[in-house]
């Protein structure tokens, strides 16, 4: 008997890890990241705790790399259905005055988010469409940000990428929703409480988003029946200005 | 020992009832509706099933009626904290060509949604602010609709009301979020599967929103920690055009 | 030979006056305001300069008052077509913490903007629909604000009113656009340079919106052919944060 | 004595040509297109009519090609100020089911709109910033589409590109507005009446956008003073569904 699968793209020590832990309570999870150091400790942690996890080094902005990862998954998990796929690839984006940006720097936002989201969606959608015997509708969730809705000064690269990702998510929700696949877009508006931001101080306590709580919302979206699909949810700390 | 309370305004045989049942799993629920026939069967059902429910006849568009209901609640449930309040008051709105609308008909949308939402929020916010010992942050959720985002032809009354309610929800989220109250706005985009719509046929099955699934999403929003408040979520059937 | 008419509702010493002057270059203008002191100097100024202007004391939130004004107009200007109508009624709204608002204060936003916009639209649309021989399509423009898109803390009354007005404008554009009436909504995002704000100092010069420039945009919208109707335009000073 | 300049990127027989003719009434216009056949007749037409026009073959998605064009402009028009720059590069995008899209096809939307908009903005903004002695603030306008706001099924490539372009426009407006450059984004929502769409029949007459009217709106935006910059305007035929 094989568990259904969940594929999480973009797993570091933050939100991606929390999502992986949450979905590993029900599914066998596959973690994609460019750097194995980003998923190795988590794979060990989940497997040790009685779950099932596998990491595959994948460059989401490279279609060959994504297809290779998906090939490995379909072979290794033959007979398992894909229940959920989460695109949570982070920034690495450049924030600088517009006239100092190179074309390559500007394109990084799209490479990471637009092309990355495209490659991931093309890889997982055929599996989501053919999934069978699942408790919940097969689900594809994209992680957005403040920059999904607002192009701020000096953020043109990241905003262009996140706007493009939101366009993709809307287009896929409209095409694949009627085919039974639940496509969602979560706008994470604020600083997330991860190792990299531990030192960031704010006036109020609890001013940073809890990655485990974000993961709970992703799980909730996944459990919705097809009569009642949530498309977009915005999450922010109670003290966030917006 | 007293359970925390949840107040649901706008309880008929549809979404409000599902929300009441869901929140009654954890809380003592108080149901507000203009007509006792709308809550009597549900109150009996919940109490029979081992929960606690009380119905109070209330006209949400009348501030005196709302304050009277709240007075009754604070007396009767002295010592209980208010954990959640849901404004789910329905339409009763008029859909007709603009030049045939009377001023009274046009104002119905605002009376029901804008003023109703105002009266409800003014009544429950003081209780939510002083709530203590709760497992989850005190929560105030407003029910929106397609008309919260789009003013369609012949829908000016309802859209004006739902736009006003969304403005109110945003304003309250920004004022009371930093005070620890979770304010949310759920956009229900589609036809809900309730007795009144049972006969409505659609091309696809499962084309109507499931009120129990809507209620699950309200409960999920309620359980979010203050680090990670969701403000807006849109829900629609998988085959809905949008 | 009679000039076509333009009706401007909400005329004080600011934007309304600039709009009136701009439209008076082509049309006979009728100015509506609750207080004759708001239009008397302007009526004199326009008539002295060779234009045609008339002021009518009107309470836009009172349908009888609006209908009485329209009756006077149709009699006095028998045979003239209504070319443009502008709803520019200002705030008078209350900005205070939500729990200090009375129901009446909260409703002021809707009374002024929602009901005011409704009454005005019901009065002028029949005239716009029957207008003949005009150079440009008959036009109905509503004035919005920052609060048309965002419900800020302490602004629930004004935001509820401005959201409702935008819902109305959208609904009317969708119903009356296909009938040849151009309905627009202009979002004025920032402080306008009027006598009341003269003393307000900003870090940069030219930080306040110029009412004459706003009026030029209203006129531009009016001149668009029905093939190319603009619905929404946002205006703000170059240094405005948004 | 040299006239100020206007650069129009994306000139074919439709909107770009109308914009060029409109701005040629005041400025010396430079037309950029990949294919000289797209601007040659227009250059001849404008020059014959007493205006000044020059066409430069440019691939907007290639930064070298854009910089080469700009180099030619700065040399040839030494001493002239750049008054306006319009990015009106069209689609060439692929509309097909998502799973049939290649990575290259998906990226075309971003290559054309995102990267094209970036290259154009990087080329013209230094010239706009140093412009002197102009009657109106230097202006940069981007052409959007329905797909700037909505990712429809089968339109992921085009929507990703247009969303990215809107993100770029917002970011530039916020960075360069305070430096005196007027950045705008016009959403053209509907079919434009150009040679390619001449045969398209609609139920109503005048159901296609008039490119000359679009051009008038671009010119109007250009003439706004810095106190009163319009950022976004949506244009559609009076019978368009939206």
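Worth a mention:
When the chains are written out, they are named A, B, C and D in that same order, and each has its own residue count from 1.
Following the convention adopted for this analysis, a contact is a pair of C-beta atoms (placed from the backbone, for glycine too) under 8 Å apart; a residue touches a chain by one contact, two chains touch by 3 or more.
Because the structure is predicted, anything quoted here is derived from the model rather than measured.
Taken together, subunit A and subunit C share the touching chains B, D. Centroid analysis (C-alpha atoms only) places B farthest from subunit D. Annotation: 46 Å between the Cα-based centres of subunit B and subunit D. Chain centres here are Cα means. That of subunit B falls 34 Å from that of subunit C. Separating the CA-averaged centres of subunit C and subunit D is a span of 31 Å. In subunit D, 174 are the positions where the chain touches two or more neighbouring chains simultaneously. Every pair of chains meeting the touch criterion is listed here: A-B, A-D, B-C, C-D.
On the side of subunit D, the complex with subunit A involves touching residues 63, 97-99, 101, 103, 106-107, 110, 114-115, 118-119, 121-122, 125-126, 147, 150-156, 159-172, 174-176.
Residues of subunit A touching subunit B in their complex: 137, 174, 177-178, 180, 182, 193, 204, 206-210, 213-214, 216-217, 220, 223-240, 242.
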